[in-house]
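As written, the chain order gives the labels A, B and C, with residue 1 at the start of each chain.
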Amino acid sequence: MKTRKSEPLFHIVKRKDMPFGKQVMVRAIAIVAALIVCSVITIITTKMNPLAIFSAVIQGAFGSTRKMWITFQDTSILLIIALALTPAFKMKFWNIGGEGQVLIGGLGAAACMILIGDKVPDPVLILIMLVAAVGLGALWGAIPAIFKAVWNTNETLCTLMMNYIAIQIVAFFTILWEVPKGSGKIGIINQNTNAGWLLQVGNKYLLTILIAILITVGMFVYLKYTKHGYEVSVVGESEMTARYAGIHSGAVIIRTMIISGGLCGLAGFLLVGSIHHTITTTLAGGEGFTAVMVSWLAHFNPIAMIGASLLIVFLSNGAAQISQNCGLNQSFGDIITGIIIFFIIGCEFFIRYRVVFRAKKGAIPAPVTGEAVFGGGPGDESAVKEIKEEEGNDND
Amino acid sequence: MIDLIAFIPRAIGQSVPLLYGCTGEIITEKSGNLNLGIPGVMYVGAISGVIGAFAYEQATKGGNFIPALGIAIPLLCSLVGSLLMGLLYCFLTVTLRANQNVTGLAMTTFGVGFGNFFGGSLIKLSGSDVPTISLSKTSNCFSASLPFADNLGWFGKIFLSYGFLAYIAFILAIYAGFALKKTRIGLHLRAVGENPGTADAAGIDVSRYKYFATCIGCMVAGLGGLYYVMDYASGIWSNDAFGDRGWLAIALVIFCIWKPGIGILASILFGGLYIIYLYIPAGIDHMELKELYKMIPYVVTMIVLVITSMRNKRDNQPPASLGIPYFREER
Amino acid sequence: MSEYAIELKNITKRFGTIVANDNVSMGVRKGEILALLGENGSGKTTLMNMISGIYYPDEGHIFLDGQEVKIASPKDALALGIGMVHQHFKLVDVLTATENIILGLPGKLNICEAEEKIRTICDKFGFIIDLKKKVYEMTVSEKQTVEIVKVLYRGANILILDEPTAVLTPQEAERLFLVMWRMRNDGKAVIIITHKMHEVKEVSDRVVVLRKGRYVGEMDTGDCDVQRMTDMMVGRSVSLNITRKTPVDPKPRIEVEHLTIRDDEGVVKIDDISFTANSGEILGIAGVSGCGQKELLEAIAGLQKHVDGEVRYIEDDGSKTDLLKMSAQKISEKGIALSFVPEDRLGMGLVANMNIAENMMIRSFRNGPIVEEAVERNKAEALRKLRRDLNPFTDRKSPRKLAETVVKDLNVVTPSITTPVKNLSGGNVQKILVGREIASKPKVLLTAYAVRGLDINSSYQIYELINKQKEEGTAVVYVGEDLDVLLELSDRILVLCGGKVSGIIDGPGADKNQVGLMMMSVEGGKDEN
């Protein structure tokens, strides 16, 4: 008979909602811990001293006016994609096809620039580009949504496959339209006429940033104050309740994915029309995946997403600077991003659960709890009380 | 006309990484963990092997390269690398009950970044003076086929021309299929993935099974990366060359309805689809068509996903608790 | 040696601030059937879960044959010879009976040998099971048999059965009692959790009563009577005393004719039934659980897919609408005031993660936010249409007000209306749901198990609300499991058995035995053996 002689070392208790201030603190601790781990890794691989790392990161992200603008622009693009994915995630539809939706949207814009760039006036051209980009992105979102709505096909893998299909289609057109022949790339489109290049507001970065702010506010309102937003939350929480409330889940899924894909297409439009003025298969550059994590880290809250995307762009631009300084590979940024996310994912546990350690018999009756580790603030009185009760019992 | 005798061995060679990934993910998913980090794990498995091999080749530059060690060191490094990834995933999703999708994606970002970083920076970091990472000695050990295979004509080419890791892939898949169906551990694992509450009540340590299955799954998947770089790519590491095979492997799991035996056939099919563009004539003027042909495996995967979802026999469904963290005292 | 096979001393278990068990002490002897009696929510299951290792007690001690033991996991419990058959079966659907029975045991897998051993057990106690059958193909009774055999296979000497008869037909229950007696005679200690008096009397040797998580007393079954047990269980002598006023001017409101409902697999759940529900009247629906009540209500509410026949909604002016071909959305669009309190509160009627105010929106979110005075001033159809269909925004203000009203009027205990409903207790959750459903002034109110899991006070509050609806002229359809309540509350009682109507009788003067018999009568229904 294998009976444990001692009580279990600890057990895990679900906690009721943690006060907001404390949640922020737990996350802040996690980010700090992640940064420490990242610096240690950087020190090991680059043999730089910590101060040099710190200044390099700042240098990389905000070192010059141009770098600062680029950081904000990158943040904006990441933010737009994250916002685009958010309604889908709220619906528990795992759209990891942001990459493909951005790319195909970019292709739509680029195709207009190449094919009718010199045939229609610029404002009309830009309008057509916008429609093409958003439309194609929406189509890319709608296809997996239809499969999901009709046959409950696994959307994670479907959206993923759509990414690769988009990449190959772009690769196909890249060769078809390559300039010059045999170079394997399209190059800057309409370099002489600038047809289809989005107008500059102030400088060439600001437009994207403004659009990102607009979409942030729009998405916040959409999710919180509209009927659609409410339907999305109900469908995401419970299929049965949706049916009970007379909400047609399938239609909501398709509609939401059209919005999600369309906004990704818009990001593609901005990337091609305003930033790169060309298209390559790596246009989205993995942002489609990073955006998934941004959206999730921000708990689907559009406002919090600003911070999350800024953090990630800041660190990866900083990491890029470090790898450049030391002649290392660009992928260093991905490692840093990964580590940061691991820590933030991990810290959610301490927000949702409480670890209660049990004092061993004969030991000092002062149980260490999750509460103690994460600072038992005055806000959580019930938890504090529980600990006290436990202490009392152990004294008996 | 496609030259089958040339095509089949290449298709099978392509299928091996897919099969490793698929078998690993089946074992993982049977425990209820949907590990979207497999692509990252396969990169880490590959680069860990490369680091081990690189270190050993650098150390034995003057000669004295022992083939047995040349195999053992990369193999061990690869297994340890992917094991660590598996432990990380389990710690986050099983112990800390984090969202599996997000954790998996983060693992993929991290793993691919890790692979490309060390692939691109290994030479600089180690301060050696070689131009590229080319592990020909190690690769020779890994891709050595039976000495008499060449004498057996088409039979030898199709069945005997692979390195030992390819055969291990098939043996592992068959054994995994057997173990899941016919052993006590397999039975318990299936129960954990289907209904962890029940398994727990029956006295099965759910967390331990999830940990073990996921870690073993990751180690198996990591071997797929190792095979690719050491055997298929002849020991030459180039960044992003491994591509999306990890994702295809995950899709294959659904295709073969969580049965490793079917996974063998499915991976050979997909291995073929993956390189079929090389064998479809496009003409010299229309290289762009090749890019469209490269789309075939993804389109087929989509179609397969849809068809699988249309037929819904109870036995062919994913493990019922796939993707859901288990918490015993959930009320 | 202790006199008890297993004994609990001063067990306390809390979930957050809720105390599920408070200082409970009890024990069971070998060769004895102990009934653990208590209302829903009195902590019976939680207590037993601590013996079977699902939960770990916060305080207290457990003794097995006089030796103190720590049961940290189900594995520990099994090793100690303790087996529990849960109310929700703990079986893996895609595995066979044999695989489920041997699940979790060590050693090499040998199906043949296992089957041999299972057959021996079956023969000894009189079970009948098909060992190769997969669980998802089994009936509820078969699943239960697998569960019990599973426990015996592990050599359990202490068996805990959690409300085993709730899902069984009377015949199946009788057979279960037979098996239980054989186990007792074999020297095993058996605990049966129940809240049915007649079962206590029929099957047990001794009874322990819990109330609100506390031990209130025990007695030998031989010298106790139902009245005393009830008193102990509910704490005071209850004559149910639900007021029942005579219906005022009842008129047909819902007419059901030849209604047949099938589930997704094509199994007939409701078989060609017809009845009428009148305004100002409560139509009670009685039946063993799972005999089609849920499907019937869902069909009327527009939530069932495979339906045949007719369900007509009759306006005050006599015009009729067929509800059966309409979805829930169509019904509400048509302006038919039909409310539905479903059985599955947090899975269907409410969204667990949303707060109270947001849950109020489930019925009203299609309304746009228009200043109420504007609606008052101009009641034109066009404006209402604008409010409903064209406005992309949803009205968040009125639901908040409604939430505040419901919380206040029904005495919902909650920190605020922005608390997620999952954090509320069962009774409060139900008040929110019922409050929302009656707020729309329904013409028809469908309720399924409206008081399940609620304490007595909350239950009475719900009865009052339902009665008030009836007085206001609503046609109420009340599906319940407590026959006493049904008999005192309903104006008419429709008795279902195996998806068919076995009779409709008047509420006043109805005889409990008669209804009980009708619930069991099987005419051309399932073959019971």
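Note that in this section a residue touches a chain if its C-beta (ideal position, glycine included) is under 8 Å from a C-beta of that chain, and two chains touch if they have at least 3 such contacts.
Since the structure is predicted, the reported quantities are computational estimates derived from the model, not experimental observations.
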Comparing B-C with A-B, the one with more C-beta contacts is A-B
Per CA centroids, the chain at the heart of the structure shown is A
Between chain A and chain C, the Cα-mean centres are separated in Å by 42
Chain B to chain C, mean C-alpha position gap in Å, rounds to 47
Cα centroid separation, chain A vs chain B, in Å, comes to 27
Two or more other chains are touched by the chain C residues 75, 79
Two or more other chains are touched by the chain B residues 329, 331
Check: chain A positions touching at least 2 other chains come out as 11, 13-14
Chain B residues touching chain C in their complex are 182-184, 186-188, 190-191, 194-195, 197-205, 314-315, 317, 320, 328-329, 331
Interface with chain B, chain C side, in the complex: residues 15, 52, 54-55, 73-75, 78-79, 84, 86, 90-95, 99, 102-109, 134, 136, 150
Contacts from chain B onto chain A in the complex sit at residues 36, 88, 91-92, 95-99, 101-103, 105-121, 124-125, 239, 244, 247, 250-251, 254, 287-289, 291-292, 294-295, 298-299, 301-302, 305-306, 308-310, 327, 329-331
Residue positions on chain C within touch of chain A in the complex are 16-17, 56, 58-59, 69-72, 75-76, 79-80, 301-303, 327-332, 340, 342, 344, 347-354, 358, 361-363, 365-366, 368, 391-394, 396, 420, 423
Chain C partner, complex, touching residues on chain A are 1-8, 11, 13-17, 225-231, 233-234, 237-238, 240-241, 243-248, 382, 393
